[in-house]
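I'd like to ask some things about the structure below.
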Amino acid sequence: MEILWLLGIPLIGAAALALLGSRRFAPELNAALSGATFVSAAVLTARIVEGGPLTAFHEQFFVDSFNVFLVALTAFVAFTTTLFSRPYMRIEQHHGKLTPAMLRLYHSMYQLFTFTMLLALTTNNMGILWVAMEAATLTTVLLVSLYRTPASLEAAWKYFILCGVGIAQALFGTILLYFAAEKVLGAGGTALLWTHLNAVKGSLEPTVLSLAFVFLLVGYGTKVGLAPLHNWLPDAHAEGPTPISAVLSGLLLNVALYAVVRNKVLVDGALESHFAGNLMMGFGLLSVVMAAFFLSRQKDVKRLFAYSSIEHMGLITFAFGMGGPVATFAALLHMTVHSLTKSAIFFAVGHATQKAGSQLIENIRGLITTSPTVGWGLMLGSLAILGMPPFGVFASEFLILTTAMHEQPWATPFLLIALGVAFAAVFGRVQTMVFGETTLPRLPHAPALLPVFAHLALVLLLGLYIPPYLADWYRQAAALIG
Amino acid sequence: MMTPYSGILFQLLQSLLVVLAAPLLLGWVNQCRAWLSNRSGAGLLQPYRGLRKLLHKDAVLAETASPLFRATPYVLFGCMWLAAGVVPVLATDLPYAPAADVIALVGIFALARVFLALAAMDIGTSFGTLGARREMLVAFLAEPALLMVFFTASLISHSTSLSTIVETLAHSQAVIYPSLAFAALAFVMVLLAENARIPVDNPATHLELTMIHEAMILEYSARHLALIEWASSIKLLTYFAIGIALFLPWGIVEGNNWAGLPLALGALLLKLTVAGAGLALLETVSAKMRIFRAPEFLGTAFLLGVLGMLTHFLLES
Amino acid sequence: MPMTLSGQFINLLAALLLLIAFAMLSQRRILSLINLFALQGLVLTISTLIVAYSTNQGHLYYSAAITLVLKVIILPWILHRLIRKLNIQWDIETLINIPTTMLIGIVLVIFSFNLALPISQLAGTVTRATLGIAMASVLLSFLMMITRHKAVPQVIGFLAMENGLFFAATSATYGMPLVVELGIALDVLVGMFILGIFFFQIRETFNSMDLRHMEKLKED
Amino acid sequence: MSTVISALPIDFAGAIILFWLALGSIGLALQSRPRWITLLIFPASAAASLLLAATGLWALGETPDVALLPLGLPDLPFHLRLDALSAFFLLLLGAASFGITLYAAGYFRSMPGGTLGLLTLEYHVFLASMALVLVADDAYLFMVAWESMALSSYFLVTTDHKIPAIRSAGYLYLLLAHVGAIAILLCFGVMQGGHGDFTFAAMRASELTEFWASAAFLLALFGFGAKAGLLPLHVWLPEAHPAAPSPVSALMSGVMLKTAIYGLLRVTFDLLPMQLWWWGVLLLTLGLATAFFGVVFAAVQSDMKRLLAYSSIENIGLILVGIGLGLLFHSYKMGGLAALAITAALYHCLNHAFFKGLLFLGTGSVLHATGERNLGRLGGLMRRMPWVAWLTLVGTLAIAGLPPLNGFVSEWLLLQAFLLTPGLPHSYLNMLVPVAAAALALAAALAAYVMVKFYGIVFLGQSREEKLSEAHDAGIWEKLGMGWLALGCLALGLFPVSVILRLDAVTQLVTGHALGATAAQTGWLFLTPMAPERASYSPLFFLIVIATVVALTFFAVRRFYHGRLKRGPAWDCGYPAQTPRMQDTAEGFGQPIRQIFEFFFKIEREVPDPFDREPRYHGKTEDRLWYWLYLPVARVVERASALMGKMQHGRIHVYLMYSFVTLLVLLAFSR
């Protein structure tokens, strides 16, 4: 029932905003809808926490401890992002960057995007999962090109083509999966239901599944932004409106990774070997290293943090690849804190760029003097994302690194170098933006920094104290993923 | 074996002897130099006369002088007195002895030197700072060199306390320690440098190009100057005593049995006479070197000291 | 076992599909590209129908219908209108010259056949070789996307890839569950519309459909 | 003891940490009332420091006690543990920070409220995190505290962030700190018991092969070395320490560096199951190199705080030498000597905390009074600010290693440790030890040179600038703070035996042997590390003799002659036109060193032509390592990222190609 609410609200919201999206109260409506979605997500979460996994609508939907916390997280960040985008988009409109029509598109697509992500998370059908992922791309493409600038168009085009092609590979993988499944489960509806597949994963045909996993990994991996499939990501993040960058970085990547992991579970069950894990570790490590070096060339602040997202996704993928309770726990934790922190950073960056009227790092100076809140938000957020305790990102990085040192020592030199380079790159740039002299005037509009500090507070909390029920989620999920 | 009182008495005697006899040694050295350069010389007691004269004069103090400047001469004198008490000039195992071993002894000299250098900088004249700088330059090489000498000796005797060193060396079967030969050479060089003798420094001139020690005490006068002069003569004697203790320890009394005193005194007198003459000879035959050569000179001393230690490990252990 | 008639038909169509894929790879004119694409759709429909008939899987008829409507009628029609509106029928040059592309294509075919071999061994369906062909055509259209400069051919390549996948779905596995196929079809349709919007935006911004105008965003 | 009092030392320590954090937040809240902050917050936190020192002293004698906090990772609540080692460093932290915080109460008087509030928060978080590092008993808490320490100190360093140089200093600092932290983290990763058990207890229990133990040691050495300023990871130190406000510099140099020493001791001796001899040799050589390097660079500095920072590097080097020697002896089961070396190292930690803190505070007052850090523009301050001058003199003599002050005691112990070496099994080591001793002696002597330069140029002589004439002496709080530290230098110098007796618990924990019994065998007056006939030293005796002699001579001269005194202009060989400018500048004083150790430096100077109308001299001595190590690394990263940049080509075809190739490769790989 909650699932109906969960998916219904954004869907209807999308329709409603398609009509009313350009009205004066549209942003508030948008926020209200996301709020409602969040509430239903919370209710659902409560259900799962006490009742355990549940399936609905003849098993078409399946919610267990693994995806429920992603659902909650997605709904939450989507909600806070609407809070942020309320003043942000107003200011953009003031600056004449946006027409009412664009705003309408933005609002309704935003809801639709939320819907697709939630669908991808809650569905039990691997095919529908694919459909939802593709739909998520489609909904965001037009948002990336919202400003209609040449750069944004180019970014959107690359986003569309690369992700589309990637997703196509994923479809092929899904087909292969089905191909293997119907041998065991027989043709028809149930053969793509994850729960059923999971039940019989031991008897699935290994060769097919290994082939399938390659396609799935390349496919969904493109959306996760794993190097060298990541090339759409920085462009899309940099050129789209900041709220979209925030949700892309904070949520979409997670959802894509979720898809990969769901499949990994099946493949591991079928293969009895560490094939999938090795692939993921390889991709993860490569992404971390490449992203780190890319970071040290950035001139555009949003690109900077886009690459940092690639780095962190790589880290998470690496952790999932390592497997084992600790690493998986850490990976899940890292998913959470990364999306919280990264979206917070994008909020702060959004205000900063609006102040400076430019996304170029060299044009942003002395935030801490022009508007201390934004400055501190950016500074603390960056420190958090760089893995500085007592923020939560450190907790997960701590677990990942120590486990890696224990399980996969060969990888640690790369991680050490990559993290060092990344720190040098990101912090050097953030420091120049936050500190120093400046001539920038203050802006008339009050920035919406509640989301920023709410997120950072949560991340800080997770660094010092992980509530038991959350820990239990993670543990159950880790046990599930293995 | 020793009642504390007699021990303390012996200690006092030794210290007094050193303090009082120090100018005499200086006089003797100067006399020898005079003779060696065919001059009649001013006589053995000249230093005492000098001190008396200075003590009678009125002190003139630069306006810029701080209390530190005035305190320094006394501190210097105190340090030297302490040093004189620590070194077994006549006898070992005196009550002072455990208060400081060789390292501490080097520490005492360092303390005195730092105070003098600071005092020299206190007035804020070009010569003062120049002197201080040069003094510290000489010191930072001479001090480790001296330590190396001591280390060699203490590696032989497995101890850094002078008394033990002297006793071990005094009755060790092996009379010739090759390591000590190196050490002795290094020690002589250090002695020359530390006591402002030719070839490193020339106590007799106020030539700005060459002077080190004199440059530091330019601003002192009267009683302050007297104390400093006296202190440096004590320093000279102490160094001689150290050299004797390390390299010709025979005749030094063990414990304070008064019976051995005459012999010890005689031996000391003999050794000092010879050593003083030797120093005079050395100074006459060698020429003052440029100040920038001093580091090389002392560097050599330092290396000799290290070599001494190494040879000890190679040949004697 | 002796190949049934329907099985032989399907293999024939599969071969045809592959042929078309090659033709697209070598084709220079956009218009004929579109026609080839439509043809591919048609072949796909027929093969689906045959599979549906021979294995009487009811829902495959639906998907055949969807294919017909979507890939033989609507999409080509949209594409035709587009290129007429943007009048870009003229010839298109490729990054790599055609013969090389063909050679690479052949290598790809061999590669994918070898890849699919062990799998199609254990395929219980009448159509064993088709999986390899499907994979081959997917990779070929991928190659085509890589080699084309203009936006439209790239998109056609994309759609052709979709076709290959669809073929794999129908012939190799007797079709995915209907929900999924509907979803896929919907996505393709929406994607196409969005692309349509795009073309005009690109056109009015760069007044050309040449992708070489869209190489500004890079690290340097 | 603990039976009488219900609370254990650990509870006190925890309470003080919390109290500090509270004070910090209150300080932030009181932004609008700077007076309250300086008059209430800082004195209160100073009192807390004193209490902490007392706690440490108390815990030195107690059995280790542990505590659990319901925070941290789910399977890993924060473990706290207070054993002798932690207790000693807590004592150090408390004692030093007491003086420094008192001083700060006065020093920050004139700071604007907003900055002050923030600074108060950072300052107390800094203190608290340092304390937390010392009591942490699991890897996670340790790392959290460790990085918070780095972070808070970074913000303290960049208090004045509008100056680009300070920004880059802070950046360099945090970067190296972070990389070091990752290394430490990996070290814990090696030592962990597996399946995510990160308590130190588990690490003690885990058995490692020699290879992995060495890996852990090297990682720890890298990580903690980066914090301690070990060569060649020292470059941040002379940038960051001077950049901070002086009390913070004092804390960083005096205390924070010691937390790195603590970590090294903890990991090497406590957590690792074995100690290999070559670790000791490595540490010894690195330590010597560091000490020597530090002192030589200190000698040529012309900025007083940089000079002190370099001298901190030297002292860290000395401490590491002690630890290395201890490690060497320990690995050869020479317990007594190991205890001696470790005692020397610990003692030097304590000493350095006191005198370096004192000196930094002194420079702080000078900076406050004159607004000048460049030695070339100072001078003659002894007459303007006598209190500061005299108190600083104590620190100067102490750090110069002169008896009877504390610096000498630790150096003496260290040299004893070298000299009392009976033959080590390795003949090469036997060669190494005396050479090392020689180098040590050289470094110590150079330290005296440096300190004479520092003190003489800042406080003595004549003022080199006009504006110095209105320099004022420090306020009451400053005097109190510096007085406390100076007192510490004196006490630590005069009563070594009682201090060493207190250190026994620590050396017992670290090396399994203690020194106190032998050290005190002839009573508290004489310090005899091994046996009275081998070596003994009695600073008190020293002081008494010198004092009496001085007094006697003084009165004797007065009695037999006279005390008449005239004041006149300086004579200076009768040279007529004296100006303050004729005194040695810092460059002048450092010139001989620069000449002798030329190969250490990268020197660029422009010397005026004798016929210049207005001749100006400009000299710059830089660290070669910067050019040999750091810039190349930066260049490599630059190159690598440039290569990567080429990959991000901007052409969608190329991107598609990547995906395509990746797919094909994986497919080929999957069969």
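Per-chain numbering from 1; labels A, B, C and D assigned in written order.
One rule holds in what follows: contacts are C-beta pairs under 8 Å (C-beta built on N, C-alpha and C of every residue); 3 or more make two chains touch, one makes a residue touch a chain.
As the structure is a computational prediction, the values presented were derived from the model and not from experiment.
Trainee: Looking at CA centres, what chain is most distant from subunit D?
Mentor: Chain centre farthest from subunit D's centre: C.
Trainee: State, to the nearest whole Å, the distance from the C-alpha centre of subunit B to the C-alpha centre of subunit D.
Mentor: Their C-alpha centroids are separated by 36 Å.
Trainee: On a C-alpha centroid basis, what's the spacing between subunit C and subunit D, in Å?
Mentor: 70
Trainee: If you average the Cα atoms of subunit A and of subunit D to get two centres, how far apart are those centres in Å?
Mentor: From the centre of subunit A to the centre of subunit D is 44 Å.
Trainee: Quick one: report the Å distance separating subunit A from subunit B, using the average Cα coordinate of each chain.
Mentor: Here subunit A and subunit B have centroids separated by 78 Å.
Trainee: Show the residues in subunit A shared as contacts by 2 or more other chains, in ascending order.
Mentor: Residues 157-158, 161, 165, 207, 211, 234, 294, 297.
Trainee: Scan subunit C for residues touching two or more other chains and write them down.
Mentor: Residue numbers touching two or more other chains: 115, 118, 142, 145, 154, 211, 214-217, 219.
Trainee: Pull out every residue in subunit D that's touching 2 or more other chains.
Mentor: 644-645, 647-648, 652, 656, 663, 667, 671
Trainee: Which pairs of chains touch each other?
Mentor: Chains touch in the following pairs: A-C, A-D, B-D, C-D.
Trainee: Contact residues on subunit D for subunit C in the complex?
Mentor: My answer: residues 644-653, 656-657, 660, 663-664, 667-668, 671.
Trainee: Given the complex with subunit B, which residues does subunit D contribute to the contact?
Mentor: 379-380, 382-383, 393, 397, 400-403, 408, 412, 415-416, 419-420, 423, 427, 430-431, 434-435, 437-438, 441-442, 444-446, 448-449, 451-453, 455-457, 460-462, 522, 526, 528, 532-538, 541-542, 545-547, 549-550, 553-554, 557, 560-562, 564-573, 575, 578, 580, 582-584, 588-589, 592, 595-596
Trainee: How about subunit C: which of its residues touch subunit D in the complex?
Mentor: 95, 111, 115, 118, 139, 142-143, 145-149, 154, 211-212, 214-220
Trainee: Under the touch definition given earlier, write down the residues of subunit B that touch subunit D in their complex.
Mentor: Residues 55-56, 58-64, 66, 68, 74-75, 77-79, 81-82, 85, 96, 98-101, 103-104, 107-108, 110-111, 113-114, 117-118, 121-130, 132-133, 136-137, 139-141, 143-144, 147-148, 151, 154-155, 158-161, 163-164, 206, 208, 218-219, 223, 227, 292, 295, 302, 305-306, 309-310, 313, 317.
Trainee: Which residues of subunit A touch subunit C in their complex?
Mentor: 60, 125, 127-128, 130-131, 134-135, 138, 141-142, 145, 148, 150-151, 153-158, 160-161, 164-165, 168, 171-172, 174-176, 178-179, 182-183, 187-189, 191-192, 205, 207-208, 211, 234-235, 238-239, 294, 297
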